[in-house]
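You will see two complexes here that share chain A, one where it goes with chain B and one where it goes with chain C.
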Partner chain A sequence: MDIFLQLTFSGIALGMIYAVIAFGYQLTFATSGTLNFGQGEALMLGALVGLSLAGNVMGGPYINYWLMIPLVMLFGALHGVVVERIGVQPSVKTKNEFGWIMSTIALAIIFKNVAENIWGKDDITFPSPVSTAPFEIFGARVQIMQVIVVVGALAIMLAVEMFNRKSIYGKAVVATANDSDAAGLMGINTAQVVTFSYALSSATAAFAGVLVAPLTLTGSTMGTALGLKAFAVAIIGGLTSGVGAIVGGLILGIAETLTGYYISTGYKEVPGLLLLLLVLAIKPSGLFGKTTIKKV
Partner chain B sequence: MLTINGLYAGYGKVEVLHGISLEVPKGKVVTLIGSNGAGKTTTMRAICGMIKPKSGDVQLNGKNVAGLDSHRIARAGLAHSPEGRRVFSTMSVRDNLTLGAFPRFTGARPKGDIKADLEKSLELFPRLKERQDQLAGTLSGGEQQMLAMARALMMNPDVILLDEPSMGLAPILVEEVFRIILRLKAEGITMLLVEQFAAAALNVADYGYVMENGRISLHGAADKLKNDPAVNEAYLGGANKH
Partner chain C sequence: MKSKLLGLVAAIAAVVSVSALAADPIKIGVSGPFTGGSAPMGVSMRDGVKLAVTEINAKGGVMGRQFVMVERDDEAKNERGVQIAQELINKEKVVATLGFINTGVSLASQRFYQEAKIPVFNNVATGSLVTKQFIEPEFKENYIFRNAAHDTIQSAMIVEEAITKRKFTKVAILADSTNYGQLGMADLVKALEKKGMKAVAIEKFNVKDVDMTSQLLKAKEAGAQAVLTYAIGPELAQIANGMEKLGWKVPMIGSWTLSMGNFIDNAGKNGDGATMPQTFIQEGNTPKRKAFIEAYVKAYKPANDRIPSPVSAAQGYDSVYLLAAAIKQAGSTDGVKVREALENLKEKVDGVVTTYDKPFSKDDHEAIKMGVPVMGQVVDGRVVPAK
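After this line comes the complex of A and B, so read on.
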């Protein structure tokens, strides 16, 4: 029982990371119908830049973990702008429906190569900002960092949601997601909104990177699998639903840790991916995906 | 206020507008009538930047805005209640109205009192007031039409384009829409009105243009057009009703 609970807690922490990355996919999909297939690499770059600032590599640490977070998110935002300008804008402008898929994958590979050259091919330990001594809940051992991951993930998603609901710029983002042409008629620069959502999307991924890094190993290869599994989460939960991202993330995360322990680590990804296939076959818009209602 | 000169536009390689010229003077209501497919909506789209004109001038306040992105034309003072209403369906009525004032929030247009204007537009459209917290997507077609009009007004525009505001409405709502148009006219709002109810449109308008196959075939003072036998035959159903 204790071990089951402990695995569940680990699954929740992992699942919330998936949820944040999936949320990032949703942000750009909503405004532009496109997404960055290099979202995992945005996470990886965030973690490695964070490591360089707050870890004991490259002559550091230069600042502490908590002060590093806003800087890494700023870096993530700039990275998102680059991805949108180079990878997405050209194919949207030329009305090339699928160009952005190849361009964002190509950029992801380039970013991975760059990271390999700067930080090397080996995984590096990311120093934990809090005590790594676990505490007990109902007999299960939980790390403080796992709690921080869950709280941080929820906080960033809530912050974006509040921005969208309360501020006029957030409302402009939601309007663009609703009807880009009509948003233009309101004087909203929808091209700028799309660039902004890429910046926000990469910033959240970079944030997820520095959250997860102390719990795993950090390195140029850490993002690819995370990004792919979070994509599965986005499809399972629905590309339009924040709640879907969280539920999908938790399902995948928990299924993964439980399977890894009770069946075999070699099969830990299978249940989640089977679920993905099931959802695609039965409800392609995702568990929480909305089919839009149009009045004539 | 708004002067269109030799406007050519279309979709892809298909040219729909073959040189449209028309004028909407300050404080006047001008109507554009014509049968289905004549190019009225396309004219409005080319004016507001939803589609880019191939050539021609769109002078707004003496500035040529032809070819600019729609958000720039909006910020220059042009509001548009488009065909199909295009309300933001996952957002509340209130948020839709707030977004109409977007350029005022960002300083691209004079701010004024946005709150007061929002309350005023809810007074002007009592149906919206009752439903201000409802999601726009849950409104009836008529209510969405009113929301699209109210949203366009929230910009405090110099000119407003209304594309068939009575489309698909129950007769009682059609009357309400025309009453509101008359009230806006009394307030001195400059309007370009596209309508299927040509007779009613000519009744509220100062001036009218008749469009056929992407060209202006006839234009003149609204009461002159109303009594023109050709217009009467083609668009007013033969009898001069209303």
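After this line comes the complex of A and C, so read on.
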């Protein structure tokens, strides 16, 4: 039982990381029908910028970990605006259906190369802001940072949801998500809303980056695998559902740790991906996604 | 008149080309990962080679010819290694190639050297198969040499430390999924078998894995008293840190990569006590070693005066002297003659790892024999001789 609990806790911490990144995919998909395939790189840049501010790689630390978070999110937002302006807007304007896929992937590669040149190709330790000694819950051991990841991930998703539901700007986002054309006719600047959603999306990814970095190692290659897994999570949970991202993330995270222990560590990624194939075959819009019928 | 002029031109051309030939440098290829997770080994190896080349050149080179290094970053990727091998052989026309940190890259690339009859010196890669890829009866001549402690020696030493010296009865093996990790794991299993033992758990993980909970839990549940490892720095650090996450601490005993700077730095205090076979420890216990360490630190100024991977630096340094001795004895840079000279090296080569007295023969291409490596241990962020 202890073992099962231990694996579940590790799976939850891992799954919530996937969930926040998947949430980032959803934010932009809702408003524009496009997504940033460089979401993993947005996370990586966030983590590395955070490390430069709060770690000692660039002559720092300049500020402490907690004060660094808002700055990193601001950086993430700017990064999102750049991605949207350069990668997405042109192809949306010209009604090019697939241009944004190629351009966001291209931007992701460029960001990775830039990061390699600034921070090097090596993995660097991110100093943990809290004690790394684990504490015990029901016989399983958990680190404080793992709890912070889970809480932080839930908090940022909740904050975005509240913003969308309560504020006037959020309502513009929701309106654009529901019917972009109608929202435009109602006087909402939908292009601006799309840019804003990209900023929000990259900011959450950057936030996720500084959350996970103390648990893993930081480096230019850290985002690629996470971004890909989170994409699987977004598909499993559904690209239109915030709850879906959380559930999908937890399913994938827990499936990985359980399979690793009970079946074989060599196969730990298989069940999650099998589930992905199954979802695509049976319910292509995802477990919690709204089925949309495209009229032609 | 015209023919006279032509003759003159031809004569001048002949003189120029002869003198060019006399001063022709000896090109040696250096292939290793200078970026990424294996970089501490690759960079230290390259710098060790550079140090030896500078010394030899300062003394007038070999046969009056200077050594020139052609360095290439193989990024620890098999396909990059193959491209570089072809470039070094066909475009750069190297006399020999030193390097290969990663067993996989080595196995994929050295086929081209074997075909071109150009000697290869593996100065870091440790897979047992490396020097046995082209042996009789299928191949008459083997162009692959090594001056690193191969995995058969290392796995025997690891098992000796865990089972005989520390008297553990239950050990787990954790290895990464690369050629290096999996071949090393097989060697560990064989070494344990010789002691009539079996590992209680054998787990693998991928390079870049961030969560080792499942693997460590399995080892813990199986009652392992020690974890034997075969992986490289960053993932070894994840294991050490993963143990802290689980609040489970047993000794880590593993291949020499536990001495890598990126393990020691990323594991921090969790890495203390890790024990591994070493051919060279950064401790000037002989005048030759002292001079080498001082020269390295002075030339490359590593952080905290700690060579990122002292073993790689020392073996890289020695590999140049072994090659130089062979070229001198052969009196030629022809691959066949250099290989023959290596297999019957008359001069004793005084290296920093050991003194090489007839290091190779036709059937034995391993310069490092059992008994040369010693056990090292991480204490306060440095590798020191194990007690």
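A few points about this structure:
One rule holds for everything that comes next: the second predicted complex is superposed on the first by the 291 of 296 C-alpha atoms of A that agree within 3 Å, B and C clash if a C-alpha of one lies under 4 Å from a C-alpha of the other, contacts with A are read in each partner's own complex, and residues count from 1 in each chain.
FYI, a contact is a pair of C-beta atoms (placed from the backbone, for glycine too) under 8 Å apart; a residue touches a chain by one contact, two chains touch by 3 or more.
Please read all numbers here as calculations on a predicted model, not as lab measurements.
Once chain A of one complex is fitted onto chain A of the other, the partner contacts of A:217 are limited to chain C, with no touch recorded for chain B.
Ranking chain B and chain C by residues of chain A touched puts C first. Contacts of A:178 after superposition on the shared chain: chain B is touched, whereas chain C is not. Judged by the touch definition given at the top, the superposed model places A:143 against chain C, while chain B stays out of reach.
In the superposition on chain A, contact is made by A:186 with chain B only, not with chain C. In the overlay built on the shared chain, the residue A:168 is in contact with chain B alone; chain C does not reach it.
With the contact threshold set out at the top, not one residue of chain A is in contact with chain B in one structure and with chain C in the other. Contact residues on chain B toward chain A in their complex (touch as defined above): 48-50, 69-71, 74-75, 79-80, 82, 86-91, 95, 98-100, 102-103, 105-106, 108-109, 137, 139-141, 144, 151-152, 155, 168.
Residues of chain A that touch chain C in their complex: 3, 6-7, 10, 14, 116, 120-125, 132-134, 136, 141, 143, 146, 212, 215-217, 221-222, 225, 256-261, 265-266, 268. Every residue of chain C that touches chain A in the complex is listed here, in rising order: 35-37, 39, 177, 203-205, 208, 210-211, 213-215, 217-218, 221, 234, 237-238, 241, 244-247, 262, 265-266, 268.
Listing the residues of chain A that touch chain B in their complex gives 168, 171-172, 174-175, 177-179, 181-191, 292-296.
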